[in-house]
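What follows is a set of structures for review.
Each of the next two complexes has chain A plus one other chain: chain B in the first, chain C in the second.
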Partner chain A sequence: MERDGRKMAAKQKRVLDRRKRDRKTAFIMLLPALIFLALLIAYPLGKVVHDAFSYVHLINHSLRGFAGLDNFKTIIEDEHFINDTKNTLVWTIFSVTGEYIVGMLGAVLLNQEFRGRAIFRAFVFIPWLVPIIVAGMTWDWMLNPDFGIINYLLVNLHIVKEPINFMGDVRYAMPTVIFVNIWRSFPYYMISFLAAMQSIPKDLLEAASIDGSGMFTRFFKIVLPQLKSVSLVILFIHVIWTSINFDFIWVMTEGGPNYATETLPIMIYRYSMKKFNVGAASALSTMMFVTMTILFVFYYRKRAQISNENN
Partner chain B sequence: MSQKKTKTICKIVTYILLIIYSVFCVFPFLWMLISALKPKNEIRTAIPSLLIHNPTIENFKRVLIDSGFINYIKNSFVVSISATLLSMVIAIMAGYALSRYYKQKLVKTSNFMMMLSQMIPGVLLLVPLYIIMQRLHILETHLSLILAYTTFVIPLCTFMMSSFFDTIPYALEEAAEIDGSSRFATIVHVILPVSIPSLVSTGLYAFINAWNEFMFGYVLISSDRYRTLTPAIMLFKGANTVDWGGLMAASVISVLPVTVVFLFLQKYFLAGLMSGSVKG
Partner chain C sequence: MRKKAVAILLSLAMAASLVACSASSGGNKASTESKEEEGQTKGGTTIEVWSSSPTSEEQGEVIKKQIAKYEEESGNEVNYTEFSYDMLHDKVLSSAAGKNTPDLVWGLPEWVGEFYNMGILEDLTERYESWEDASSLSDAVKKAMTIDGKLVGVPYEMTVRAYLCHENMLKKAGVKAPTTWDDVLAMTDFKEKAGVYPYGIAAVGARAPQELLVYLAQYELEICSAQDDGKYKNTWKDNSEELEKAEKVFQFYKDCIDKGVTDPNSRAWGYEETDENFSTGLCATYVCGNWLQEKETTNPDEMEDVLIEPIPAPIDGQEATYMECKPLFIFNTSKNKEEAFDLAAAVCGKEWQEDVYASRSPRSDVQTDSKWSKDFSALADTGVTFPPVTLGGISQAMIDSIAMVLQEGKTPKEAAEWLSDAVNKSLDDSGEFSAS
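The block that comes next holds the complex of A and B.
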């Protein structure tokens, strides 16, 4: 009896030791990652929120102290704020929708069995590898009104009478930047959808095919519902990544012509790096961050709901 | 009979659409390369042609030597390779913890934090990061970029590694542990050798990310000596608006390393990218 008890105690101790050791190992393993995230993301984020309520100027250091809501007022009263918010929405919604459609169609095409699939898949993925600056510039060159090949083709095929100044015309600048963004970003959607499609059981589709349902019915009734959770992840991440993207618009138009393509991230840059008004830039950053957190909570709930449905 | 016919039509339509897709995706590169090899008088012409009458490497020479792009390429390599190695070590460690100790509270919290940090864009943190780098006296050095790039790829690289570790049976480690090998030795000698495909794809992701990054390079570095490739192209564009030949040559140089590596390793890379993104 007593020996059994001792044995039990020893075993318990071993389990406890093990658990302690595991906890220590996990902590050590995570430490470097946590240090990086704390130092270069969490701390700066805290600083941004703090600065949003303070007077901070990069050049004029005499401007300091608690600012209350003054910085937020500066941003909201900026004559371009409404316009920039509208641009951000247009830029995000049209980019993500376009990427989704082009990516989905590409995935459907590549999901069939045919010769040379691997080559096509590699070709179609290439735009995603290009630095944004290069994507922007190459299209800028092709769309050039004087020497660009696209304007040459458009004029010679009698689609337009005069060459179009795609990047310099207020009417065309935003659609052009969105188009180039779709060009560069859709491969990521395509590959994600393709991976999800390949995990759909083949006999499910075959059964439907035998039942006489056509290609479109099969796609909308079987394939699309199966892509619900991957679609949610991809769409959410890209709504965030697109709305806060700085590089694309900056390298193509710098927000011009005449603020036609200025989005909120460009406005943050303008306030901090051109006007040196860090307080106001931080206020705008904070507003964007709060919006994103709300979106994130919404997304997190939706995802939990979907994974519950699947189980 | 009719079903066979529909199948053939289906196939033809697929091929046609895929060819359109491929042209749409690849033509800009082709045009970039053609323009880079054209002499000035063939570039600035109202009738652009796919053929090059007098091919020249003049543009490459001008960009590489006269404009100092050799130095920018070197800087890009130094920064990207360092950031890749650093983020790999961190992601292997964190990924292992995420995969093996996912029940612990600390691990769950870290996982959530990493997901959340993916939602926080660099541009929001631009100013404080600038000030932090200034205080650490590493503004205008390679180190500032290496740290920034590492931080922003840690979450996805960790997710990619941990979802790969999930597929490695735990029995493998237990056997090594019974033999008396320590946890770290086990990871290095047992786990890593079987993880090579996912190490390749994770490393490639980190490298591409660092190589292509623009904003931090543009803001944190202002001296020629430490400038990387992407901001250099932007500045070159601003200074030489009319030199399209030079710009296209610079573009070719900047996409070449990544594209070549990708074409060789695409199978690993795409598989790894998927596992990370679906999880993240």
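The block that comes next holds the complex of A and C.
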């Protein structure tokens, strides 16, 4: 009896030792990734949050030490903050909505059977492959009021009397930048939706058709619900990518004319590189980071909900 | 066991590479040292140089030839990289924050104040005094490179702005080159007659504050001036006469657009558009520098009739132009200061200047017979420069004030008052505001 007990205890000890060893091995295997995360992500992020609550100015060295909420106050009291927040919302909402709609329409069309479909699918993906700087500069030239092909066509086809200054007029600048962004990004949506659409069983659609469902009913009642999961992922990713995007607007308008296309990431750039106020720039970065974190929590919950529904 | 060893090795490799990357100064030092070792075999040093992009392909070729010649003669190696001005500015700021600056930078005069205030510039006064060519630079040029009695840059290019006119277009419209603001604003039927707008303005980008500075100087106004305590202040709101003059400047901008003298699209134009429009004949006259001479090669037909005149001034004002004296910066974190100054002295040397900057040299002994050299030099006496303060926020405020008048419909008075406050706020932010 006693021997059995000792055997059991020895077995338990071995199991525990093995588990301990496994945990140790797992930790060692994870160590490179942990070091990578700590130094390249956690440290810079921590530094930004630290600077947000400190006076950090590249020129004015008399400004040092703990700033409390002063940097946040500087940002909120900035005369362009409300305008830039509004611009960020408009830029993000209209870009993502436009990309979603155009991407979905493109996917529906390319999901039909027609000759040369494969070639067409490849060509439609080209805007996504064009580097942002090239796309931005090309559209900038095409939309130029003096040399641009678009104004040339609009005037010569008598659609407008005078060339339109798309990028230089506060009324047109934001819609123009959004349009070009949609042009560049919709192929990504389209390909994602197309892949998801092709996994929908054809029998299901045929059955619905036999039951008398029209084209729109089939789309809204069968296709769209099947795309719920991919839609959530793609929308969430693009809301974040678009709202924090700096390069596209910078290449096309640098936030102008007269702040008409300035978004919060451009404001961060101005604070750090033009006004040299790194503390205020960090405060705005922290505000954006918190907003994105809230969005992520929302996404995570929604994703879990969809997974539960599917299971 | 093998798994563990692999993981430990991977961790060590990762940590080592991250340390190497994060301590960028150290990393660069290592690469510089290895280059230096290579250089040592030739008896020289590697000088890290960041430059603005040359104004033309030809100029770029000549610069590279001169660098090769310098390398051969000095035994030093020059690691030369080109950037746009905006990129260059941002790269210098980032590298300065990491104490990893290059040895020599081809810069803009607008950066002198901010780099000095950041405490990153080397005091070159002693080196300059012992430089054998020092006497070839005028006092005005030396003054433009000096802050608090310290010489902080070596000048490599100097230009003033002039009023460039397409003579044929003026003839077609039946007018002479304007000499006053009133003459400019009287050209209301010019577009009808000549088919192009008569007068160009830049309202955004680096050019806009430079133009505004000139128009203000024509009324003897300064964007900010040194006070008794050595700090700076915009004094317009303390002096009604000054404020009135500033209003007149903004009124001129407004009138240019309202009277159809200037293309309304120029509300959003910077130097790229304005230079291009003048050199391609889309605008009849424009205030610009003599680098447009290089457009004679690319646009020979449009550029053959260019006249060079003084910038039109208000009747109750005076002549003024913007003097742009571009500096070569040497940073106090550089390991090769002596070699960097040696290269800077070569760039400012007679041979290099004659080869690369013949029409716009800061040296008094380098000039050409072309109109682009002589006619521009004749205007140098009326040249004004920016005060040596941090200009980032001030330049942006100047651009914003023009936009207030041209885009937001604000009155010239509102724009002038706003600019005065914005300049003082910017000075306050950078610790340069005089409360006296």
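Heads up, the rule we're going with is that the second predicted complex is superposed on the first by the 272 of 311 C-alpha atoms of A that agree within 3 Å, B and C clash if a C-alpha of one lies under 4 Å from a C-alpha of the other, contacts with A are read in each partner's own complex, and residues count from 1 in each chain.
Basically, contacts are C-beta pairs under 8 Å (C-beta built on N, C-alpha and C of every residue); 3 or more make two chains touch, one makes a residue touch a chain.
Since we're looking at a predicted model, the values are computed, not measured.
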Residue contacts with chain A in the superposition, chain B compared against chain C: B
Touched partner set for A:G168, first chain B, second chain C, both or neither: second
Partner chain in contact with A:P257 - chain B first, chain C second, else both or neither: second
Which of chain B and chain C A:N277 touches, first, second, both or neither: second
Touched partner set for A:I268, first chain B, second chain C, both or neither: first
Which superposed partner A:M292 touches (first chain B, second chain C, both, neither): first
Partner chain in contact with A:P32 - chain B first, chain C second, else both or neither: both
Which superposed partner A:L40 touches (first chain B, second chain C, both, neither): both
First (chain B), second (chain C), both or neither touched by A:G68: neither
First (chain B), second (chain C), both or neither touched by A:P145: second
On chain A, positions contacted by chain B and by chain C: 25, 28-29, 32, 36, 39-40, 58, 146, 273
Chain C residues touching chain A - in the complex, by the definition given at the top: 3-4, 7-8, 10-11, 13-15, 18, 22, 89-90, 93, 96-97, 114, 117-119, 204, 264-265, 267-269, 277, 282, 390, 392-393, 396, 400, 403, 407-408, 426, 429-431
In the complex, chain B residues that touch chain A: 10-11, 14-15, 17-18, 21-22, 24-26, 28-29, 31-32, 35, 43-48, 89-91, 93-94, 96-97, 100-101, 104, 106-107, 110, 113-114, 116-129, 131-132, 147-148, 150-151, 154, 158, 183, 208, 211-212, 214-215, 219, 229-230, 233-234, 237, 244, 247-248, 251, 254-255, 258-259, 262-263, 266, 270, 273-274, 277-278, 280
Chain C-touching residues of chain A, taken from the complex the two chains share: 25, 28-29, 31-32, 35-36, 39-40, 57-63, 145-146, 165, 167-170, 256-258, 270, 273-277
Parts of chain A lying in touch with chain B, wherever the complex brings them together: 22-23, 25-30, 32-34, 36-37, 39-41, 43-45, 47-48, 51, 58, 105-106, 109-110, 112, 114, 120-127, 129-135, 137-139, 141-142, 144, 146-149, 152, 183, 187-188, 191-192, 195-196, 215, 230, 233-234, 237, 240-241, 244-247, 250-251, 265, 268-269, 272-273, 278, 281-282, 285, 288-289, 292-293, 296
